[in-house]
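Below, each structure is written out as structure tokens.
In the two complexes below, chain A is the common chain; its partner is chain B in one and chain C in the other.
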Partner chain A sequence: MRLELGHVLIKDVQFGSETKIENGVLFVNKEELVKLISEDEHLASVDVEIAKPGESIRITPVKDVVEPRVKVEGPGGIFPGVLSKVQTVGTGKTNVLKGCAVMTTGKIVGFQEGIVDMTGPAAEYTPFSQTNNVVLICEPVEGLKQHDHEKAVRFAGFKAAAYLAESAKTLTPDTVEVFETLPLLEGISRYPDLPKVGYVLMLQTQGLLHDTYVYGVDAKQIVPTLIYPTEIMDGAIVSGNCVSACDKNTTYHQINNPVIHDLYNQHGKTINFVGVIITNENVYLADKERSSDWTAKIAEYLGLDGVIISQEGFGNPDTDLVMNCRKIEEKTIKTVIITDEYAGRDGSSQSLADADVAADAVVTGGNANEILVLPPMDKVIGSLEYIDTIAGGFDGSLGEDGTITIEIQAITGATNEMGFNKMSAKGF
Partner chain B sequence: MVKEIERAGIPVVHMCTVVPISLTVGANRIVPTIAIPHPLGDPKLDPKEEKDLRRKLVEKALAALETEVSGQTVFE
Partner chain C sequence: MGKIKVVHYVNQFFAGIGGEEKADVKPEVREEVLGPGLALKAGLGDDVEIVATVICGDTYFGNNMEEATSELLDLIKKYEPDLFIAGPAFNAGRYGTACGAITEAVQNELEIPALTAMYEENPGVDLYRKSVYIVATKDSAAGMRDAVKKMAPLALKLYRGEEIGSPEEEGYLERGIRKNFFTDKRGSERAVDMLLKKLAGEDYVTEFPMPDFDRVDPNPAVKDITKATVAIVTSGGAVPKGNPDHIESSSAQKYGKYSLEGIYDFTPENGETAHGGYDPVYANEDLDRVLPVDVMRDLEKEGKIGKLHDFWYATVGNGTSVANAMKFGEAIGKDLAAAGVDAVILTST
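And now, the complex of A and B:
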């Protein structure tokens, strides 16, 4: 499967009379976008704001972040089984609005939503302070059930991203990246001397607003399976989840998975990148046992020499992570796990809820319990009323002048477990 | 908490869903439960069935408390 990703570089976003891209500037017809998103009868009101890098703007509670992409050539459409019809994606050409993101906010859906500051100390912790953001403020109709609320806001983000990306469909991209994964036997015989490496991508699927969808299927109902990496770049996996902001994989993270990009980068040089195994993180022990049995079984079946495993969320998914690691290592396949830590504010507590001697190669995204002080911003998009109650916040987090004292857990993407952040640690 | 109470000489049964974590932290008597969001119940059952389920789990835990163990034991 071969995909060309065409990057249309977006340097600025402005409102305009027509939605179009000119010389790197994305113009957004606000009225048209609001009308499109307002078609959902679950939403009482929709507004759109723009937030650019360096501006004194705080966006909260942030639910999802989506990168606008559009299929230019090849079967299917972006977000198959969700926004587009179910059809296998990942081949042909896809254009990306690089440097731009759609962000959703409004009345809080679940208490684990986040903060994005466009400047100041917290901006260093979130990648979305560096993107030109089109922010949707979606307010639900009264009495809407929480799950329907989540779905309505989730779809609002996808619809807006698809709407904006359409303007790049006929443009010539500024840069092009090509990614290709061959059918298994062909791929393995191509580089017979290089170690065969796979990637186990764990998806948050605990239910109760902690869900991820694969081609529209609720991933808690899947058994682990194989997916071409390029399918993910076309939106085969989307986030529907309100797990802690610091270590949830937004849809933006999913389609830009840096583990996949880095594995492709080394493919044919130091490793043979064989493919991706997706698995879930369910709340029944039997599911955890079955899914980790299966990731190990598939890794063995593929004849892998090494596996990278990334987690999403924390707490009981630490057990899924450790089970995947232990069972794959038991097949004499080497593993590296990527996680983050909840080691207390002073960093001295046990970092993960579970452990095993097999987990002897660990990459961390940082300690989510660290405290940060966020100075007030000139403008707030969304609302500050949830600051004391979102995960990472506490009574008194929000000061009278708008200063926020909070664990970095509350900052979107701060300790991301795909490594889509700047923090880590090194052991000696 | 399990370990500190046992240190004081009182036996403890840890009722939990994620048995591997309980084993990792060192509980001696472990009774597996239903699911992480609802360890001692099951919203899919009707109230009578659920009450039976709860009673059985508590009885199993009480029986575990009375059972001599020589190491970490999971009461399936």
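And now, the complex of A and C:
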């Protein structure tokens, strides 16, 4: 499977009379976008705001972040089985609005939604302080159940992203990246001397607003399976999560999966990147056993020498992570796991809920309990009403002047477990 | 500006008073530089003066931790030091524990920077590594030079309130405190790099060393407890009156095995606690509170258990290293199994 990703670089976003891209500026017809999103009967009101890097803007509660992409050539459309018809994606050409993101906010859906500051100390912790953001403020109709609310806001993000990306469909991209994964036997014989490496991508599926979808299927109900890495770049996996902001994989993270990119970078040079095994993080022990048995079985079946395992969430999924690691290592396949830590505010507690000696190669996204003080911003998109109650906040997190004292857990993407960020932690 | 005033702590041995036979000497102070203080003085440089050396015997300290600490604090306070240094204790267990305890007390009560130094397997490390800076040393006094080389600069940094670097940079034992920092590579790239090294069999450094979860599977339930021989084992320091084996009050180096023959109830005359980690008054009044022999005898009489085993085993859990605890556990287990014991009740404090 071969995919050309064409990057249309977005340097600025402005409202305009027509939605279009000119000289790296994305113009957004606000009225048209609001009308499109308002079609959902579950939403009582929709508004759109723009937030750019360096501006004194705080966006909260942030639910999901989506990168606008459009299929230019090849079968299927972006977000197959969700927004587009369910057709296998990952081949041909896809254009990306690079440097731009759609963000969803509004009345809190879960209790675990995040904060994105476009400047100041917290901006360093989130990748979305570096993107030009089109922010949707979606308010639900009265009495809407939380899962319907989640779905409505989830789809709002996808629809807005697809709408904006359409303007890049006929554009010549500024840069092009090519990614290719061959059918298994062909791929393995291409680089017979290089170690065969796979990627086990764990998807958050604890349920009750902790869900991820694969081609529209609730990933709680999958057994681990294989997927071409380029399918993911076309939106085969989307987030439906309301989990702690710091280590949830937003849809933006999914389609820009950094492990996939960095494995491709080494592909054909130091490793033979064979493919991606997706698995879930269900709460029942039988599901955990089955899924971890299967990841190990598939890794063995593929003849892999090494595997990177990435996690989503913490606590309960730590057990899935450790089971995957242990069982794959038992097949004499070498593993590196990516996780994050909950070592307490002073950093002195036990970091993970589970551990095993097999997990001897760990990359950490940092301690999510570390406290950060966020100075007030000139403008708030969304609402500060929920600061004290979101995961990472506590009674008194929100100061009178708008200063927020909070665990970095509340910052969207801060301790991402796909290794999206440069943060780590060490023992002192 | 005057010199930086340091008070230094050593035990009876390093003060030149004597060895084990002098380990019961009480806290005292000498306005001179003693033993390792000489090397420290040289290492700390001309801006620093060791104004006094406080001394305590290891046994005295171990048996009277609270009093000894408070007496030592009073002695130290008088000199209004800017900095406090204890040890190095190398691999001397009681000395290490004392160094850790007094360093912690000085840091908390006198609110001045303080540090100590010892070998990484010294039981004092596990007790105090989280609360105080402990410089890593070799296991014997042969490592004095090396120890001082690391202690002096770290002490001065602490005094100046400078940012303390990582354990590797500064030479102290990791305190188990996780701190975030920004690297130059994103996590996914670090993961790929680590995997490449692991695949090639090269050295790599994990970013989070797995904690050692020692999982013990529970045994199946005893089939018929009314026929079972039940033993009682404790880490609560329950020993016969007079502590015949001299089990340490803290950081136990041994356990004891004692006959229950003729004992139906503990009294102030036949039992006491050796444990230095809790108020011993109630245990000494009635040791059944730690080791419930009276209740076990009742159950035995009522036929609810088969028999109370003829011996009890005791050690002190207070600051005892995991390594020692495991060693004791294995030995006790073997002994119990050989004696045909079916079940054990473990009590702690």
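Keep in mind that, in the parts below, the second predicted complex is superposed on the first by the 424 of 428 C-alpha atoms of A that agree within 3 Å, B and C clash if a C-alpha of one lies under 4 Å from a C-alpha of the other, contacts with A are read in each partner's own complex, and residues count from 1 in each chain.
Operating definition for what follows: a residue touches a chain if its C-beta (ideal position, glycine included) is under 8 Å from a C-beta of that chain, and two chains touch if they have at least 3 such contacts.
Note that the coordinates shown come from a computational prediction; the quantities given were computed from them, not determined experimentally.
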Touched partner set for A:A355, first chain B, second chain C, both or neither: both
Which superposed partner A:Q206 touches (first chain B, second chain C, both, neither): first
Which of chain B and chain C A:T270 touches, first, second, both or neither: second
Touched partner set for A:Q311, first chain B, second chain C, both or neither: neither
Superposition-derived comparison: chain B or chain C, residues of chain A touched: C
Residues of chain A contacting chain B in one complex and chain C in the other: 354-356
Of chain A, residues touching chain C in the complex: 124, 195, 197, 258-259, 261-263, 265-266, 270-271, 305-308, 310, 334-336, 338-339, 341, 343, 346-348, 350-352, 354-357, 359-367, 370, 408, 416-428
Touching residues on chain A, where the partner in the complex is chain B: 206-208, 283-285, 288, 316, 318-319, 322-323, 353-356
Of chain B, residues touching chain A in the complex: 17-21, 24, 32, 34-37
Contact footprint of chain A on chain C as seen in their complex: 130, 164, 166-167, 174-192, 194-196, 198-199, 204, 206-213
